[in-house]
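First chain A sits with chain B, and in the next complex the same chain sits with chain C.
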Partner chain A sequence: MARTTANGNLKLYLNQNGLKCEDIKRNGYHNRRQKNGPGTGVASRQPRQESFEQAPMYVAVMTYLGFGIVTLFGYLRDFLRAVGLEKCHLAQEREEQKDFVPLYQDFENFYTRNLYMRVRDNWNRPICSLPGPVFDLMERVSDDYNWTFRLTGGTIHNAINMGSYNYLGFAENNADFLKTVADKTRQYGVGVGSTRQEIGNLGIHEELEQLVANFLRVESSMTFGMGFATNSMNIPALVGKGCLILSDELNHTSLILGARLSGALIRVFKHNNMHSLEKMLREAISSGQPRTHRPWKKILIMVEGIYSMEGSLVRLPEIVALKKKYKAYLYLDEAHSIGAVGPTGRGVTELFNVNPSDVDVMMGTFTKSFGAAGGYIAGKKELVDYLRSHSHSAVYATAMSPPVTEQIIRAMKCIMGKDGSTEGIRRIHKLAENTRYFRARLKEMGFIIYGNDDSPVVPILLYMPGKVVAFAREMLERKIGVVVVGFPATPITEARARFCLSAAHTKAMLNQVLHHMNEVGDHLCLKFSRLKYSSCPNLHDEKDFELGS
Partner chain B sequence: MNFKNLREYLSWLYYQYLLITGIYVLEPWEKSIFNSILFSAIAMVIYTSYVFVPIHVRLALEFFSKIFGGQPESTMALMN
Partner chain C sequence: MFMLLTHSQPCFFSFYTNNINMASGQQWVLVEMVQAFYEAPAYHLILEGILILWIIRLLFSKTYKLHETYRLTEKEKEDLIEEWQPEPLVPPVSKDHPSLSYDVVTGPPSHNIIINGKECINFASFNFLGLLDNERVKQKALASLKKYGVGTCGPRGFYGTFDVHLELESRLANFMKTEEAIIYSYGFATIASAIPAYSKRGDIIFVDEAACFSIQKGLQASRSFIKYFKHNDMEDLERLLKEQELEDHKNPRKARVTRKFIVVEGLYINTADICPLPELLKLKYKYKVRIFLEESMSFGVLGEHGRGVTEHFGVNIDDIDLISANMENAVASIGGFCCGRSFVIDHQRLSGQGYCFSASLPPMLAAAAIEALNIMEEDPDIFTVLREKCKHVYTALQGTPGLKLVGVQFAPALHLQLERSSGSRDSDMQLLRTIVEYVSPTRGVALTLARYLEKEERFLPSPSIRVVVTIEQTDQDIQKAVSCIQEAASAVLK
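Coming up: the complex of A and B.
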């Protein structure tokens, strides 16, 4: 198809399949062209480039080598445990039941007990303060190589928090800001004691839903107590047997679970790949349901605003064009992007200048940018009214707690500017500035960063299992808390550390983190990037990247 | 990175070896097992190459010199 964006799409498609180093340098960073939509003016910049650089071949070889050696030692330890030479810390059946059908499947947990258990001091760290831009961690040590832990009683004070989802800095305990929350707690108490459908529908819930609908510029919305449950319990109400779900490769578990629970047929298209999606749409529509060849009742495209493991943004204008052409429905999960992207924080629809009424189901969570808990679904009034009576979460789940509701209300009013101050806009600009600065400096240092330059989620690739663990420990020693992720949340060769930037981080904090990252990067040899990057002094104009030889 | 002395540099190199092979996550006795196996394998390779490589190289050189260098010698012998 001859489309103006065809070239850009094709290059991105090739790039994501992994070109060699020279090809990456030739194609390099490429712009995604924005369609001429409403409001395309000086104020809306072109959406920035996304890069997914591949590491050199020796890195992949060493990663597999590391995993292979640890697997061999895993077999050795399993043998010692089976023979009885070593004490087994795991759950075991009783002696009398050894002849029964086995209760515990040993092989499935091979990875957990032989790799994760050795290094699990980097996860589930206990925190004893507000998870703001700095926080306190409790010290813990292990005497038996991470099978059990004990707290020493000491605390690590004022560690910089680069792992919490605190994009706009609303995780705060300032008494002035939280005055309305305290008032509402005095008025309503903390528990609601019922579901929305029965007798738990408070006035404050209705106020919140009105506010969310105004914020997103849609007709109406509905809120739920838990973000994960919003996805997994509402998708079964929207689609069922005889429908088709086209879901992105890297969708979150809640979307996958909701899709599986619904009973619809699920087909997966390659991440952010419009050719793959279009091919699937054409195939689905032309051949219909699998055996009967009847037309599909509904086709639902499920995508996310920002993919939290990659930091990439969805290609919204193209998906909306495809959806209109093939008459499918679009489900957009803006868990990480609401409040964090867009000139006024209204998410990817604002960033790409897409009319919000083009997206059929807008979903999001309040956990990340609003400092609370819960999720919402927004869209046309008929949709939301239908969900109020047919969704599992609406009918059976307890209503949202009043202080949490008030926190969301105050955060949203702050972002919209309705509380009379410019605090909201200031935070949004600070987040955007922090994002640009942090990403630019990390790329300059030579780390491989995935994702779009606009996304406040920054994954830094570490690849080797030993380095992942060493990185987390070193950063903790330097009083910086980071989140590292490996297999199975990521592909086995692409373990990474994920930084979540916040509007509450000051430049000094970011500089300290960058300084330590530089040292740790040199000490552990983590700077795998082969592209030269020189940041331009004017951070508003991103067209002058130099690609060195 | 600045290394004050050779000892620090060697310990950094050992750290890199631990990270790359993934030994870093294992317990000390497992590290010792792996290191001793690797060390003995390398020692055997070195010993074998010390004993056999010079002999093999000499034989190979003789073989190739017979093919190329042998012809002028025999023609000279014939003429004389």
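Coming up: the complex of A and C.
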């Protein structure tokens, strides 16, 4: 695949590059991009380009201004509340405990109370159906400016779901597909009631682990009941005091928590910036641990396959090269990429054609592409054996629920074609096709979107807090469920909407979303891009994908 | 260099005095200078010339930095990088490591469990109320599966909130008679996320030494000051609280913003003891410390309606700031919850890491938990039955030769420890393991050792065999298990 598209890419890149030099103030990303340069040979293997276009200056100014205004209003309203002119809706401390040290400091909750509260109808929207390509939202209203919600009992039927991580469409309730899951529920019940090490190690857990290892083409694997905990409970088993963790600045909270719990020293390198990573590696190895200057016991590089807020893909070939050069270990979190990228859905290692054995710890979750819950760690047999005896999860946490286990098994078998159908591969192709189509169309319309052309996570930059909210509400009016995120999940000036594509989305659904996006984009002035994307034929061409796979 | 400077002092003087004299001569300055120049002996001129050059050199040369000599050259760095050999990612695990080969359970882990191909009566799974293979629970789970599929494909914030979750939360709040409840998708993550949501760097947490591992992880994630008090020792706790009070008097400004918490378990999983809740409450109000209570072992077990330790002691539940429990034991599903007043609980919806950043609980597991609550509410007698079984097992296991029973008589998960240690932890573990292997699975009773990560536990509990009581165990089952254990103990321990 890489070969067939390399030419086009190069052209595209140069094209962008030329524009960049003339038109766009270079932001951090672009600078990094050039330093790492695709000319270094390894990078040209990267199948598609990533772009992080910077918005015009006025956008940043307006964004800060917007935040300034709401903050001022916040202070004003806090003042009104303090003098009793405005009713305070917040739950209060009980009388008996008023003389305790306050559980929250006032300033800690300023943001929640004055900013988030005004707009919180855009999050935690309850749904009452399958989280498939379309879903039913429960209608809710607020009589007191979002302090409390009341469910009206009505539903918004068949809204298009652009928010769930249902990449391969395995969040489904077709009785034929779910037959084995139902059987397992009847046979086992839903719980386990013990830990893996004690008496909760079921035969189907072992079957799943065998399958995961086969799927990932590694020696062995172990599975855990929660994706978040897979990171936070296993990293401490791998590294500890005297070890160094080099972590990408955009890593998920679970990785950060795991790193923190491990007791190892954590240093953060700039997102996907190989230059920054290499500098840190050199510096760390040559100067040893701080103060004692003893050599590090081990160095672990922690990265994600697809970064869920940026839609960017890890620069895996370069990282593997660095890791080998400096004898560090690599921890790859494929929460969003497993199943979602690669010609047969095996994640970023397959996409970049990297040997899975070059990645020391392959981690991923079953929540997203597999429509289930939990996570895995896979790799060499020694690694997995060590985790079996030393993972916090194996000793203290209840084992994975049997029906959930069966769901993963059936989804994985489907992806691997072991169910005797081509359904899995069809879905993988459909997702790739949807991704390219959707991204290309949005770019044409003039939205600024971040990330790699292959990533099914599509962040659309909205910048200003007011627009974020207006966008989410307007899209809901048009029966499209979108996810919007702002500070603190993103940098303060880079609030965005995030679309997750699914193999279950039909072209008609995507067209409908695009149609509304176009209207809303014009209406709310969201088309910030100053790059002119002609409809590049390469992006629509499904053939090259087929050829490559 | 210094030596040289001191040497040269006289010459400096001559030079300057010359200059000053010349300056006073005003008009003749230049002439005299030239004259002096001619009159001076050659060696003098040469010496002064050299000195002037030396000074200029000193002025323009870079300042001498000490650490510059320490800075590594690129070559040295390359060598160091070349030389560095990391430890292996994981140390090798020997093939016969006791915790490496798991027992394999085929079929459901319910009352009758098949371990390594042998059918046993289950005395090891925390399925206290026998809801694991309850037909009603299964039917509800299946109905939910039919409607919602399995996964939620998103965290609560991003379309991962289902009507089932809202229902379960309000049902749990009702069941516990609190204002609000919040559910997590994993039992272990519940208290481990709840503690750091409130207690931050600089705050103080008083915690029982026997606290379970997930509490320990929560404490660690909070980065607060941790003060351990002796297990269930209220005097020791009060001593620590008093110390802190003195400390607070010294620095009242700091004390005004330092939050203080006591974290205890209702029934301790590691010791099967109950916490002295009424005494803890007295201390709470005396020293103004908030109480977090972890009830995974006591929820659905203690109290007339299964509400846990608060009901057991007849304590007003509002006096406890936060109660957390998992739904993996008595409820026989997956996940956990926290409950309490909205003032406290609501904060976790933005600050509980395991809540915000993890996919939500699969709806079928939530539906199963709701049905389990239904059963618990419809028939509170099951709690009485469970307590009687506990008492039965407790009395029957008394006086097992060489083993001592640890725990309170109404605890459903007891520990059997060695009466006399054989000297080392390893050999104690080996003895207990032999007992377990004698009974399970060959003699048809499933037992397990209580497993711990020995290097990770703050206070490592003594080695023990876990004995779990469920309402499904008949008198004959209990009789069989007890006689097996006694037989094994007398065979192994002699």
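One rule holds for everything that comes next: the second predicted complex is superposed on the first by the 478 of 549 C-alpha atoms of A that agree within 3 Å, B and C clash if a C-alpha of one lies under 4 Å from a C-alpha of the other, contacts with A are read in each partner's own complex, and residues count from 1 in each chain.
We adopt the following convention: a residue touches a chain if its C-beta (ideal position, glycine included) is under 8 Å from a C-beta of that chain, and two chains touch if they have at least 3 such contacts.
Model, not experiment: these values are computed from the prediction.
When the shared chain is aligned, chain B comes close enough to touch A:119, but chain C does not. With both structures placed on the common chain, the touch criterion links A:525 to chain B but leaves chain C unconnected.
In the superposed model, A:465 makes contact with chain B only, not with chain C.
One of chain B and chain C touches more residues of chain A, and that partner is C. When the two complexes are overlaid on their common chain A, residue A:382 makes contact with chain C while staying clear of chain B.
Contacts of A:70 after superposition on the shared chain: chain B is touched, whereas chain C is not.
Using the contact criterion defined above for the overlaid structures, shared-chain residue A:368 touches chain C, although it does not reach chain B. In the overlay built on the shared chain, the residue A:145 is in contact with chain B alone; chain C does not reach it. By the touch criterion defined above, A:253 lies against chain C but remains apart from chain B after alignment on the C-alpha atoms of chain A.
In the superposition on chain A, no chain A position is in contact with chain B in one complex as well as with chain C in the other.
Per the touch definition, chain B reaches chain A in the complex via residues 1, 12, 16, 18-27, 30, 34. Only residues 72, 76-77, 80-81, 84-93, 97, 99-100, 102-110, 113, 115, 122, 124-127, 131-134, 137-138, 141-142, 145-154, 156-163, 165-166, 179, 185-189, 198, 212-214, 217, 220-221, 255-260, 285, 288-290, 318-319, 321, 326, 328-329, 331-334, 341-344, 346-347, 349-350, 353-354, 356-359, 361-362, 364-365, 368, 446, 448-453, 456, 466 of chain C touch chain A when the two sit together in their complex. Per the touch definition, chain A reaches chain C in the complex via residues 91-94, 96-97, 99-105, 112, 116, 123-132, 135, 138, 161, 163-166, 170-173, 175, 178, 181-182, 185-203, 206, 225-229, 232-233, 236, 238, 252-254, 257, 260-261, 282, 285-287, 295-300, 326-329, 360-361, 365-368, 370-373, 382-383, 385-390, 392-398, 401-404, 407, 481, 483.
On the side of chain A, the complex with chain B involves touching residues 62, 65-67, 69-70, 73, 76, 115, 118-119, 145, 464-467, 469-470, 522-525.
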